[in-house]
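Attaching a single structure in structure tokens format; questions to follow.
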Amino acid sequence: MLKIGIYGASGYTGQELLKILVRHPEADVVVLTSRKFKGLPVSDIYPAFKDLTDQKYIDASPEDVASLCDVIFLAVPHGEAMEVAPYFLEKGKKIIDLSADYRLRDVKVYEKWYKKHTSSNLIQRAVYGLPELYRNDITEANLIANPGCYPTGVILALAPVLKEKYIDISSVIVDSKSGVSGAGRELSIGSLFCEANEGFKAYKICTHRHTPEIEQELSLLAGCNVTVSFVPHLIPVSRGILSTIYATLQRDISVSDLVGLYKKFYRNDIFVRIYDEGTYPNISCVRGSNYCDIGFALDDKTGRVIIIAAIDNLMKGAAGQAVQNMNLMSGFPEDMGLNLVSLFP
Amino acid sequence: MLKIGIYGASGYTGQELLKILVRHPEADVVVLTSRKFKGLPVSDIYPAFKDLTDQKYIDASPEDVASLCDVIFLAVPHGEAMEVAPYFLEKGKKIIDLSADYRLRDVKVYEKWYKKHTSSNLIQRAVYGLPELYRNDITEANLIANPGCYPTGVILALAPVLKEKYIDISSVIVDSKSGVSGAGRELSIGSLFCEANEGFKAYKICTHRHTPEIEQELSLLAGCNVTVSFVPHLIPVSRGILSTIYATLQRDISVSDLVGLYKKFYRNDIFVRIYDEGTYPNISCVRGSNYCDIGFALDDKTGRVIIIAAIDNLMKGAAGQAVQNMNLMSGFPEDMGLNLVSLFP
Amino acid sequence: MLKIGIYGASGYTGQELLKILVRHPEADVVVLTSRKFKGLPVSDIYPAFKDLTDQKYIDASPEDVASLCDVIFLAVPHGEAMEVAPYFLEKGKKIIDLSADYRLRDVKVYEKWYKKHTSSNLIQRAVYGLPELYRNDITEANLIANPGCYPTGVILALAPVLKEKYIDISSVIVDSKSGVSGAGRELSIGSLFCEANEGFKAYKICTHRHTPEIEQELSLLAGCNVTVSFVPHLIPVSRGILSTIYATLQRDISVSDLVGLYKKFYRNDIFVRIYDEGTYPNISCVRGSNYCDIGFALDDKTGRVIIIAAIDNLMKGAAGQAVQNMNLMSGFPEDMGLNLVSLFP
Amino acid sequence: MLKIGIYGASGYTGQELLKILVRHPEADVVVLTSRKFKGLPVSDIYPAFKDLTDQKYIDASPEDVASLCDVIFLAVPHGEAMEVAPYFLEKGKKIIDLSADYRLRDVKVYEKWYKKHTSSNLIQRAVYGLPELYRNDITEANLIANPGCYPTGVILALAPVLKEKYIDISSVIVDSKSGVSGAGRELSIGSLFCEANEGFKAYKICTHRHTPEIEQELSLLAGCNVTVSFVPHLIPVSRGILSTIYATLQRDISVSDLVGLYKKFYRNDIFVRIYDEGTYPNISCVRGSNYCDIGFALDDKTGRVIIIAAIDNLMKGAAGQAVQNMNLMSGFPEDMGLNLVSLFP
């Protein structure tokens, strides 16, 4: 049994990790840290865990955590992960960092969008934890930079057409819509029920921090510099991200050939589901699951392809993908503990 | 592997059964019937099943179903189950009927609330499928009358205090609130998004068909005739039933003693969770799980006890409980395929 | 034109008052106070007011407010209203207090449920601002204790049967359900979208501060001491309260006679709508309006009457009723500025 | 008092018209037709109208309607309006048609997207009822083609930049999101609460019938043929459309200059609100009102402008705009009966 620590376990991502891991046949969660709720049972904060675990949050030092665990998930805010990751690595632990701290290869880009990096020497050791693109590297890695929620769906949606050079790379527009859990459990006016309910708005238009992460990975796929217009919106649902992506085709392809291209590209990827012509993803079909659903349409009149990707932001967009990475790093079947059917209705 | 048929598989209950059973290690769903969608893949109607099953709905005759299956779930409307159950039983099949057709012991009561019964001779063979009360009978049964969604929570909430005669049986008021999936997937104005969203109302006040079922089981527990005032309401959520139950105490008991009484009563029942003093159930803590959560308060001023029970109406209130019954009838661990953590947020 | 001040204008109740008053033909809102948002335009905090008002929140002293206004709405938390009301009254202003500070006639009861009262001498001058019961007193009053949201619907639902002594006063159970705006705009975990959405729970069971207010008014109606079991719940909607009230009849009456009794009792009350037999209120039919909708059912088997009342908690339960009171105090038509059709869907 | 008929009054648009008109000081609704609900009081179908009107739906012939009314709103499905409009016009009535039957100037385009036109000779007499662009024509018109819900926001969002030739007309992408009431009150699986709730999806990608209507009006504004990629999505809210529009700038302009351009362009249009830099529309700020809110961002990196427009689809997108047109046709103030503050929260 793998001994697991969740560092920063009281947010939505932390509890989602725990939800998966309490049912994972090879995982034993031994430490859950939280400064805010130290000493309290998890089920006091998240009653859904009642009778499933009697664990309490503790305010453990990195030393304590390292002494108890083999694998450590960092579910702390950006900037805090880079403070503790070096120590854990030095102690030989495997780290899956759900923050942005090691996602951007260029420390200058990181520091422009986030803050001063205090362990930038580790960036090159980190592997971007998108198994569909980096599976082999992940199996060897000690430090995983678990992808952001928006980037996960967008990158998977564009990888095949970028690799095969079907689209004009200057034409990419990403119109994304996320459920409210994407903002975490922090107290903010915008996250109040009465503010989000029956509302819909764009936010951080072309200034969201996931933009450089998306552009980095799309550029690696295209083999040249790709920029995108990225506009996130807030949907009044708890979970789910759907991205509608527009690009101009630079060579002809039919929808059925796109379907074929994607099915082939992702033939070994059980968490990517490709939709046949005329059918499209819906966040309600991935809710609670680790799937990324992808569908296509062509706008013949304008020569554009429209690619739609849906994920559960807490699963494939965070905790589910993190456990998928843990499985790969540990030699377990990639879907162990993740064979969840989405909850509908 | 148990060969399973779902007779009437295209409603919400049918798809929920399938969702559980595709992950059940001992079940092999071999027939899904639907007149409406015959010939269509399940994933056309419920895309959440994409890549999980390539089965199609068929319009199989009872003969065909019987020839292929060991266990048959009847997820058809009231009145249709009683038409086919006799044949299946005669063929030696095990039947779990999710309709009301065999729930009421007194055929006159059934016929008053529903319609003429065409196989009333089977009523005495049927076992009321509430494992927490009838576990032993269920293990021996061939015909299970799977409880209604409202009765499940209400009966579990009241069983210990009725058995121990803590409450005045003439004082019971049941104020229940259900999510919209309780109405099924039928087209009706009241089930439209715009009609239910941001709304809340009572319906079928003191005339809901679950009233005689609740009263039958409470009377058996009390050892005398119990009547209740039962008022269901509609909550604008997809899943969940919370019942707030009021009764006058006829002997004193503290909340902590109630907690103790219930924990003891349900000590072997992993799907019943008893809440400690000062904490109360919420439907969001049982969503997608097979739990029934129960909590208590006392109104000292008026001498009343308030008992609150929450379930997921599609799980413990229908498909989850049906699989729990299947497990018991088949000698499997009671929670096989049902160890689902509730989906929150 | 009446010069109006809203003291504590940045909460949901304050903005609802402003929403009504910007369209009121005889009202001129001249001061909006807010410590938190002082200096900011209202439309920065509530963009719905864009182009409707260019007013800013100010942090005005009571002296400044008094010098500018004829009528002052107090939309501050409990305990703050009693600090400023005496000064405003002394300056000859008319006060409509939306807090609980002057609602309870017995200062000991107030101090038990709230805190030490600092201007209890004014309690006897205050009129409980429920126009349907106290219209004449309101027209003469200088200090209105605007009723709580839960009490408004419950009192209107019970007044006729209590006055006419149809019900056993020891049998009253009030099961209420409120939308999330009832908790105001304060930051709390329970008010977050992801916590309330798709959830339903009871809270403050038999310990909610509106209990003594309800009991006070019911006792006055009955002419003797009435106690109730009051259990509030939280519905995942923005607005609306529906109360389901149970009582044992002590003399026979049919539903149609109840309808007749209530229509007669409220014949001069345009904001009370009585539902005919077989039809019941829904919060979606009062959303955004000042109506209180009331319907009835009998449970013949148990001898109970079930009375259901629905209001919009921000309107008839707060700001709408406050403006109704202002109209009465000022000699305007009672529904001036309040002739709003509810927003459905 | 203008005598008004609503032909096809029982859908969401019909009831929204009635909601506005019962409070309109110059309108007297004398006929409400509905085949389905003939003989029933409006308040049986929409209880929100209880005590506000005692009118019943009737199944009146066009002759009867014409004999009673001065102005007739056609709120019937596409294809039915063109059957009755000729008769009403012949009888000298003013017609506001909320269907698509007279929106498309080119009958061939209409017949491609809809069906055979039976009164195409009237198309040239019809005025496209977008007051901000066609106010003068509307005041003279007898037949108004009230715009579609999606086109209303999109056209208003693009008119100034198209007229001033700031954008590359080949670059326009319209990503729109609509609440569920856009689908009307018809029974369909996709409109069920459980299907739409907690979901989000695109539909009719680049094949929605509003595409040619959008392109027609944008082409007229640009003075040359404009094509757009138009992708509508479904948001789980009752009301509201938000469109996020992307276009490549062909000459430089700052956000503050865009704001200035739009404020000038719409300086006489009280129902268009222009957002300052850094603030963006939200459907919750227009709910229940007749506003169209417009905001802007620039993506410097890619040279694109992002324009966001929000309306209430039942108000500015249907009934509100229809009454605005009626006011203009009748010489009433443009906002008579429409001075509604949006309902938030």
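Order as written gives the chain letters A, B, C and D; numbering starts at 1 within each chain.
Here, a residue touches a chain if its C-beta (ideal position, glycine included) is under 8 Å from a C-beta of that chain, and two chains touch if they have at least 3 such contacts.
As the structure is a computational prediction, the values presented were derived from the model and not from experiment.
Comparing the chain pairs B-D and A-D, the larger number of C-beta pairs in contact belongs to A-D.
When every chain is reduced to the mean of its CA atoms, the largest separation from chain C belongs to A. Centre-to-centre, using mean CA coordinates, chain A is 39 Å away from chain D. Per-chain CA centroids place chain B at a distance of 45 Å from chain D.
For chain C, residues touching at least two other chains, in rising order: 12, 181, 194-195, 197-198, 236-239, 282, 284, 287, 345. Chain C meets chain A in the complex at residues 12, 180-181, 185, 187-189, 191-198, 236-238.
Residues 12, 15, 19, 22-23, 46-52, 181, 198, 238-239, 270, 273, 275, 279, 282, 284-289, 293, 314, 339, 341-345 of chain A are the ones that touch chain B when the two sit in their complex. On chain A, the positions that touch chain D within their shared complex are 170, 173, 175, 177, 194-195, 197-203, 205-206, 227-229, 231, 233, 235-240, 242, 244, 246, 280-284, 287, 297-299, 301-302, 304, 306, 308, 310, 345.
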